[in-house]
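First chain written, first letter: the chains are A, B, C and D, and each begins at residue 1.
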């Protein structure tokens, strides 16, 4: 149920609706919009009677939300969510490029990458201190030492840091450094972790699971939102199919329905999505054309020496050329980059 | 094995190589390129000795082709294949839009659509006289009567006709009308049908099967090519996954590897790929950005009254708006439309 | 719509219902059951009014059939379909083993296999004269010569011949030899071919397509049934998934719903389903336990020399041992073998 | 690398090999077998020279392990792993049935179920105190209160308790009650959780992820094994495909390769695998025939009133009948139940 308020509804009107929701044993969610406020509610197992709200002062209407996800749904919040950071916004008017190496390997390579990004006008740096690896014997990231390197990169270059959290036990350590906390595809339904980042103050970048439906993905977002963190960024990174031509099947076709069903911004990760650097630029351009709000891209000063994901990382020259093309394309889609 | 000839190789040099290939019990394929001729061969079950060719006059080198598909591979023919019809070309410099209704329903609606396309500067009309339907009780198309209507549309509006062939028995009837013969996804491995269109003089538009790998798709193309019809156009139309957000999963990520592995042009059908008209325009624009050579799009004067595929058909206004966007985008990718 | 007749309904009662169906422009299908006759109808695009039938003499009730497949549905025919041949029956009381090489390679190996089967008490021989191959350059089967060898094997050993038809043009030639005509997975939605075998007098063994849903598979069966050939045998042979452990994913889980939705017998092909001979026996036993009515199994006198599918063929000793286990298991499931 | 010792090798011989492994900076794993001891090692990024070990006293040979998983591989440990609990063993000679409700709903229903199982001779009770739910608004289990109910059921009925751990933070609480700790499909690649249960003393039941390959599943097992917990039980529970006939696609075909690649026991969960109670018994019987070591089955005193997974739960009568069939079948496969 979503209670839509008049444009002129007062704080007292809103407070009255909130009280009625609480009296039903439900949790109210006040959702301020561009022109009016709406109040969602969660916690109900059965349908709520709209009549409870429709006579109250300041209420325009009470709408049944038909999707199983509530706070993530566009029915409940018709306006696009915009994520604002000092380094820039993520939303419908911008095209945000987040780039960096798969993992923090050492300070030298990270600073070299950060300096390059700064030079290119890119203000979001991605790099993993903790790496989820299929094999227990593979390089698992530098851990706390990696976080410290990220922190120094942030101070020195002023970039926003996007880094992955793998485990609730590391939540405080990661939250102390990250400007955006990434939840990886394998953890998309790690519900304890989702609830934990729902209590963080940073935006959460939520990657789509390897075989997650759009509904499941938005339900995972709902776990974060329902804890009170309304800043969720979706990120498509390829799904698993029978395909032989790439590491995963990058599903650009999910972008329009994700935008239709939800108000959350959608990024695309063509590096994991394709697994081959040659296919990254065309998929990056296509993501922009398909309606994505930005990209997550792996770059490396020397891809052939990368400790992980080298074959899908762009070198600096290829990234620069891609940026050039993206900047030509963005205005056609009314976005700045 | 591919025998690459000198730029100055004579007809006699080429003939000599052809004779050596025949003497091995193999089939030679003379492949003229922009700057030089190459001669492929098929029919071998074991590896051929390059020494058979490397001493011959006019021969530069003999190259082992490592892919299981030969004539479809870019190793064998590095130059992009360009399909030329009086109405336009399909290849790397153009972006070809083929539009029309799912099926020929009657002359009135087809002529109305054809007139609209002509007015919009679109010169390729798609429409099915024979429809492959999951149910034997569903509308199967007008058959021969549909072909006659297509023929009249072609005469009156000068459009190139793209229409599907379902069965070897109808091959002559369809070939008498079609400018491009379409093979549908369900028939991608109907090998008798592939061989049959391999003996037609028209280009063949080969849709990707619902769960075909790229290699299987190119092997299907190889069936057509190996019969001597070198004019094959690939068309991605969505694959089957677990997805809940669309009818099929339109796999734009296959475009860059298809272009890397093969020299054949690649079109995209976002109508079948998404199954929902609202998602067709963003996917169409993304296809162009991803490197496709054109589109196959379903339009209908009154989509809500369509006998088949109404929910995925654009009306004329939506199509016109999409065309406008495509025409803004095409020059950035060095294509004309 | 299904019109269920009284047990004592007369031929005239039945004829009257048939006439009413025809008068609606529909096609009647008289379906005699163990205790009563029912009359199905196909060809309607809208719902039929049950009142048309419910007052007629001999009519018990008129039932709406809710599945899109009609003649294949258990709603329309509650009794299991039993296929009867001189060599045995295929249905709920038997467990039918159909075995043989992937392709007819020559008379010697086929006769050797046939003699072995005869000795083992197996009375159904499978072998392909026409082989659907991904590559146009691979061995395509002996064709007409293969059919002649099959014919001689049938005369000499008295075995029922199960062989694949690839193309409508070869229908008469194959029908002249086959006791059961096989339609392969790649042709499951080759609707012209399905209609053609719907007009043959032999039972049709219809393999499930590589990514066919159960509904699509039964709709393909419906194409055959709707032409008047009610003897369709379903055959599960593995579907395509992301799996790394076998050639296809043999979907035994489709057996119980196939039995629930339809009255048609269901066989399982563990050879194509797994692609590895070591996995064939456990899957064969599991198929019996899951409710299948029989098996289609590839055997070869010398699997390592097979022209196709060697790695998934059992040798004679392994097949004999599997038969021994199946014969111990069958009585527990109230089947004879 | 696996160092295989003589049957008569002494403790000192073994200690010497362990020391050499440690001297290389690697971790030794002493693996006692039925007739001889072998010593595996993990931690190497490059190949190890067999010559390091082959001259040492008591060493038969040093073998390269070719699979990416080591401790989970049958190369490294040819004998089947047998899990022993006071209530019974899980391994090649038994067929272990683990049954119970999806979730602990209250003490009454759990005790009723436990009493019934005891009466049926079943000694393993499954029930979730923590439930991973797609929606944050769905019933999430009774949590700690559920654990206390499980504890009382264990004391009173003497059953082994199998229950799921969702989060590292609850590991101590769950480990205090569980006889076998379950890791759910959604957490199959929650590596922090895998490492945590690798340090528990109980066996770990590891469900296969929704789209996990066999290699990924065994790599997840490797995470547990590499922490020193060698008691891992694999459990197939259905994978995600395009299928329309069941909730998931229960992949019985993974059993033979899982047994070939690994020495770990394999259970099957036909309840989640099919999602429909009518399909559970045939799939349970087929699992036994395919080589599984047991089942995980959902039963409920009143399935229609279940708080979760009611449609896939068997009632007591149906379960009793299934047990009867399993007990007839087990001896044929040389298993006791």
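In the analysis below, contacts are C-beta pairs under 8 Å (C-beta built on N, C-alpha and C of every residue); 3 or more make two chains touch, one makes a residue touch a chain.
Just so it is clear, the structure is predicted and the values come from calculations on it, not from any experiment.
Enquirer: Any chains in contact with both chain C and chain D?
Expert: Looking at chain D and chain C together, the chains touching each of them are A, B.
Enquirer: For the interfaces A-C and A-D, which has the higher count of C-beta pairs in contact?
Expert: By the number of C-beta pairs in contact, the winner is A-D.
Enquirer: If I average the CA coordinates per chain, which chain comes out farthest from chain D?
Expert: B
Enquirer: Give, as an integer number of Å, the spacing between the C-alpha centres of chain C and chain A.
Expert: 50
Enquirer: Where the CA atoms of chain A average out and where those of chain D average out, how many Å apart are those spots?
Expert: Roughly 34 Å separates the two chain centres.
Enquirer: Mark out which residues of chain A touch at least two other chains, giving numbers and ranges.
Expert: 211, 240-242
Enquirer: Mind pulling up the chain C residues that touch chain A in the complex?
Expert: Where chain C meets chain A, its residues are 240-242.
Enquirer: Which positions of chain C touch chain B when the two form their complex?
Expert: Touching chain B: residues 42-45, 68-70, 132-137, 166-169, 186-187, 189-192, 195, 210-211, 216, 219, 222-223, 226, 240 of chain C.
Enquirer: Taking the touch rule as given, give the residues of chain B at its contact with chain A in the complex, in rising order.
Expert: For this pair, the touching residues of chain B are 211, 213-215, 238-239, 241-246, 249-258, 260-261, 273-274, 276, 278-279, 282-283, 285-291, 325, 328-329, 332.
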